[in-house]
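Look for subunit A in each of the two complexes below; its partner is subunit B in the first and subunit C in the second.
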Partner chain A sequence: MSGSLTLLKEKHIRYIESLDTKKHNFEYWLTEHLRLNGIYWGLTALCVLDSPETFVKEEVISFVLSCWDDKYGAFAPFPRHDAHLLTTLSAVQILATYDALDVLGKDRKVRLISFIRGNQLEDGSFQGDRFGEVDTRFVYTALSALSILGELTSEVVDPAVDFVLKCYNFDGGFGLCPNAESHAAQAFTCLGALAIANKLDMLSDDQLEEIGWWLCERQLPEGGLNGRPSKLPDVCYSWWVLSSLAIIGRLDWINYEKLTEFILKCQDEKKGGISDRPENEVDVFHTVFGVAGLSLMGYDNLVPIDPIYCMPKSVTSKFKKYPYK
Partner chain B sequence: MEEYDYSDVKPLPIETDLQDELCRIMYTEDYKRLMGLARALISLNELSPRALQLTAEIIDVAPAFYTIWNYRFNIVRHMMSESEDTVLYLNKELDWLDEVTLNNPKNYQIWSYRQSLLKLHPSPSFKRELPILKLMIDDDSKNYHVWSYRKWCCLFFSDFQHELAYASDLIETDIYNNSAWTHRMFYWVNAKDVISKVELADELQFIMDKIQLVPQNISPWTYLRGFQELFHDRLQWDSKVVDFATTFIGDVLSLPIGSPEDLPEIESSYALEFLAYHWGADPCTRDNAVKAYSLLAIKYDPIRKNLWHHKINNLN
Partner chain C sequence: MRDEKIYSIEALKKTSELLKKNPEFNAIWNYRRDIIASLASELEIPFWDKELVFVMMLLKDYPKVYWIWNHRLWVLKHYPTSSPKVWQTELAVVNKLLEQDARNYHGWHYRRIVVGNIESITNKSLDKEEFEYTTIKINNNISNYSAWHQRVQIISRMFQKGEVGNQKEYIRTEISYIINAMFTDAEDQSVWFYIKWFIKNDIVCKTLDEQEYLKMLKDLRENILLINNDEIEFSGKQNIWCLKILLVLEDILEEKEALTERSSEQYLVQLIDADPLRKNRYLHLLEQHK
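Up next, the complex of A and B:
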């Protein structure tokens, strides 16, 4: 079956390119709060598909800079919106992918770092904005951004690691905060944070076995992965689950052939793009996580992606590894 | 809805002045008007009833727009201090929030906003939260944010009295509801320093009854294992539980491992896995564990065969 399905690379590239020109519809402005994230997803998908030049580098960089929120000293999803930790990571990822972090300049970089550090709470967790939703996503986001900037410190890392470890559950999964139900996306944010902090050794061998079990237990007989037990499979979990397994060195506990088949079935053969499950409407979010998952499985010479940062390995290999020498 | 006058406010333009092709966006007139007003009021830091009304209108069209929640919280905190009856004022705000919550089941800003209101409230009550929690879970019994919020409430109010019965109800309705099973574990971990022999036996019976109804359901098996480990060492599992698990695997352990077609169907692959895990801990039963893992790899859960082979390697 999977023999007859192939990755429609060219179609996906055209699909991502087309998103940019669909500015005149209603949904587009409603998603302003995700715009910078969307550009990061699109760019990363293009990198995996070996076609980064589909976006005009200078335009993207100038858009990123236009999202700078000078009041708070970080990046907003869109010009004149308020800075947020999630979009700040996207901005840093985009600039790093283009090897253009220098455009930040010293002043902005200093403010950016203090914004990120300033969102850390006493228990080691981070809030996404000044309002204060707290969850492990933001711990990952903060550590990842600081790591890309080469600015991690033990004052930030140690309490963050303590918080992440508290989110580990009896079933081998990780929750959004201590006590919350295990969820595949949280496995990624927690393991990613630990990997960035170089603290995976805080997990015992037994815990790593359990974590690996919980993650590969997400694969359903049809091949797709779900985010929690008894939920439907969804392409974005190809990323959250696979990257987590890759981080703990147990990627082969997933059946590649079946998962590949599931992802390929979620392609829109006409207009390109990948959806959450077969026959659904495609979007850029599931497109990037679909191709990134395929890249982790070594599919068809896709450009290798780093499971910790969700960025091309050629980019992340240049990051300074914590703890710094 | 009250009518407020905003004619004295000069809306701030919301289109960016950048010429960049990426940024040129068409807004609808109404959205433009609302956002322009909000930007202006935020920049003036106006904390007034009409500003509050405006945030409600914006949340109506764009509930995920986090800035507006920040702003609303600042307004409420200010107006609360000016109002004659803080409790009444905050309860009214919670009533409004209930309405918004029902209309936006996927939004998560709502829940952190709610937590902030309760922290602000002079006399918060778990009881007031229970109906909206119930409505939201009735609507989507696995809503992650609602469950997380419910746990937050239990810890915030140090009140676990409703939880076991609530989890049972939800499991009665949908035996596959992993959120409810997880909540049950949360109850035991947080509410119980000691568990009596009777409670232990009752809980085991509850789990076994549910497994008996649907043997191939991962949630109660994981829960059963977690529950055993919470109160016992892995070697000292209740023999009743081990015997119970063996009733779901037929006689496969005594059959020769041949081709998958020659092996019979069993009622639960999770039972086999559960037993393999238990047997693997004791050198005397290790052979059984190896056999069980081999059976999983060949026949009963082949999609994870690499995992099962890894388990066998660990045992050898």
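Up next, the complex of A and C:
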């Protein structure tokens, strides 16, 4: 490890650029199910690093459209895979980042909205697809996608908010469903969903204090953040925990200097990219959440990121704010 | 094959091959479920059991893949008979998993679902057994936060459903269990988060009368001060979790007008020094205490 740590911007840009060039090997097939998410992660990291043009916009948009699953009317992770809420959000985020939502066309947009709404269950929760898995991740995914499209309605939002509030725990965290253990990633999905719904005021001052407390206890002596008590630190929590703290206005309840140092130690100095922990193999998921976390802390003039949407602020500032006038 | 809507045992075997290579390939799981659903009327119980074995084999290698857990639940949901035996087997499966990885997030989630199903089929509450299970897990490792979390869920439910005979006795037993845990490992945050819940929640506040409640808080405070003093003597440092929970205790006592001497500001100043990562939270609390 070199003496003074800096963010190796150029290396990270080259690393992300290199990811899509090995198309015909087995590893590529193994990660097809994450491809559209991967492009969203890569593009967002590039935006934060102020280098979105590293991806060819037209190629990305045409790949996104090739992931359209016409049977179910939403986006799959890869051509001929199946539509799911997670990948549908990634598609919408990519198109919105490129200011290209128009390419959906009217028909596709109508079907997309009905796919999302169609996965809401009676208790306000969402299933990821027709097979019934319920998770607050999907509530966030659904609300975020509808919000980006400017298509939230109280019929969808109100029961979803009720469900999210039921996932709040005794310790100030949120779980994947009612009664499930608190997890920092679920704090982000729940607080993000409430923020998108403009319903953060459903949380009392006491609850906000408790939430802030539980979140700031995620920082470990080595500077990194964990997702649950007594677990190891991981760079991705630089996003889940920090964005949550930012949403409730308590971003500075963790120590920036120590966290920054931890993230920078997770860089691969040779090939670029960021890993979960120092010395581990890098990937695009940890790369985006590493640089996004640094951006929230105002590091080195990185492009500002929106803690609610995990997209550049310059993009999200154009979204219609709910409730619509 | 999928595009041609082929739903045959032959196709099912192909999906097995692919899933063994890549269990994260969600579209193949989906195709597999569509095949099973379309053949369901011809499938006998041994088929479903074999499917559970197949899923188990994959879970052993990939215990953290959402899609596999998801598929297992789907299989159980569509299992032809709803005898408790199937779910009891699942309980054994999840016991085994939590032996290997006592904090597995999916495992604990899955356990709650399994127990819920057994309870609804047999119409009998398993709260007492599950409460005992958390005790075993915590006794094995006091930092098992998943077990402490589960303990909160179960105690809340037992009181709500009136499953506790002598409620005051129950709370007294629990408080001595907590104090014991506190002395066992005062560094780990798990037990402290539990204590924070325990002293503030409605169950305890309403079961004990005002005098008993205040006495409990004061006893607890004495014990925490004792641990902290031991630590100062031993290492020359304050125990930061003792200070954090003393703050909570003082807030409650003050609200009940039972606080004789207030040390909160002092604790906060000490925490700024002893727990610098969270300095800004303590500065914020100091501001509030003014």
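One rule holds in what follows: the second predicted complex is superposed on the first by the 322 of 325 C-alpha atoms of A that agree within 3 Å, B and C clash if a C-alpha of one lies under 4 Å from a C-alpha of the other, contacts with A are read in each partner's own complex, and residues count from 1 in each chain.
In this section, a contact is a pair of C-beta atoms (placed from the backbone, for glycine too) under 8 Å apart; a residue touches a chain by one contact, two chains touch by 3 or more.
Quick caveat, the model's predicted, so the values are computed rather than measured.
In the three-chain model built by superposing on subunit A, subunit B clashes with subunit C. By the touch criterion stated above, A:143 is placed in contact with neither subunit B nor subunit C. Once chain A of one complex is fitted onto chain A of the other, the partner contacts of A:212 extend to both subunit B and subunit C. Touch criterion met: A:255 reaches subunit B and subunit C at once.
Once chain A of one complex is fitted onto chain A of the other, the partner contacts of A:79 are limited to subunit B, with no touch recorded for subunit C. Of the two partner chains placed by the overlay, only subunit B lies in contact with A:66; subunit C stays clear of it. By the document's definition of touching, both partners, subunit B and subunit C, reach A:229. In the superposition on chain A, the residues of subunit A touched by subunit B in one structure and by subunit C in the other are 29-30, 32-33, 80-82, 84, 129, 131-133, 169-171, 176-177, 179-183, 212-213, 216-217, 219, 221, 228-231, 250, 252-253, 255, 258.
For subunit C in complex with subunit A, the residues that touch the partner chain are 3, 21-22, 24-27, 30, 33, 66, 70, 73-74, 77, 103, 105, 108-109, 112, 143-146, 149-150, 152-153, 188-190, 193, 196-197, 201, 276-281, 284.
Those residues of subunit B that touch subunit A in the complex are listed here as 14, 16, 18, 20-28, 31, 39, 61-62, 64-67, 69-70, 73, 108-109, 111-113, 116, 142, 144, 147-148, 151, 155, 176-179, 182-183, 185-186, 189-190, 217-219, 222, 226, 229-230, 303-307, 310. If you check the complex, the residues on subunit A that touch subunit C are 29-30, 32-34, 76-77, 80-82, 84, 129, 131-133, 169-171, 176-177, 179-183, 212-214, 216-217, 219, 221, 228-231, 250, 252-255, 258.
Per the touch definition, subunit A reaches subunit B in the complex via residues 20, 23-24, 26, 28-30, 32-33, 59-60, 62-63, 66, 79-82, 84, 128-134, 169-171, 175-177, 179-183, 212-213, 216-217, 219, 221, 223, 228-231, 250, 252-253, 255, 258.
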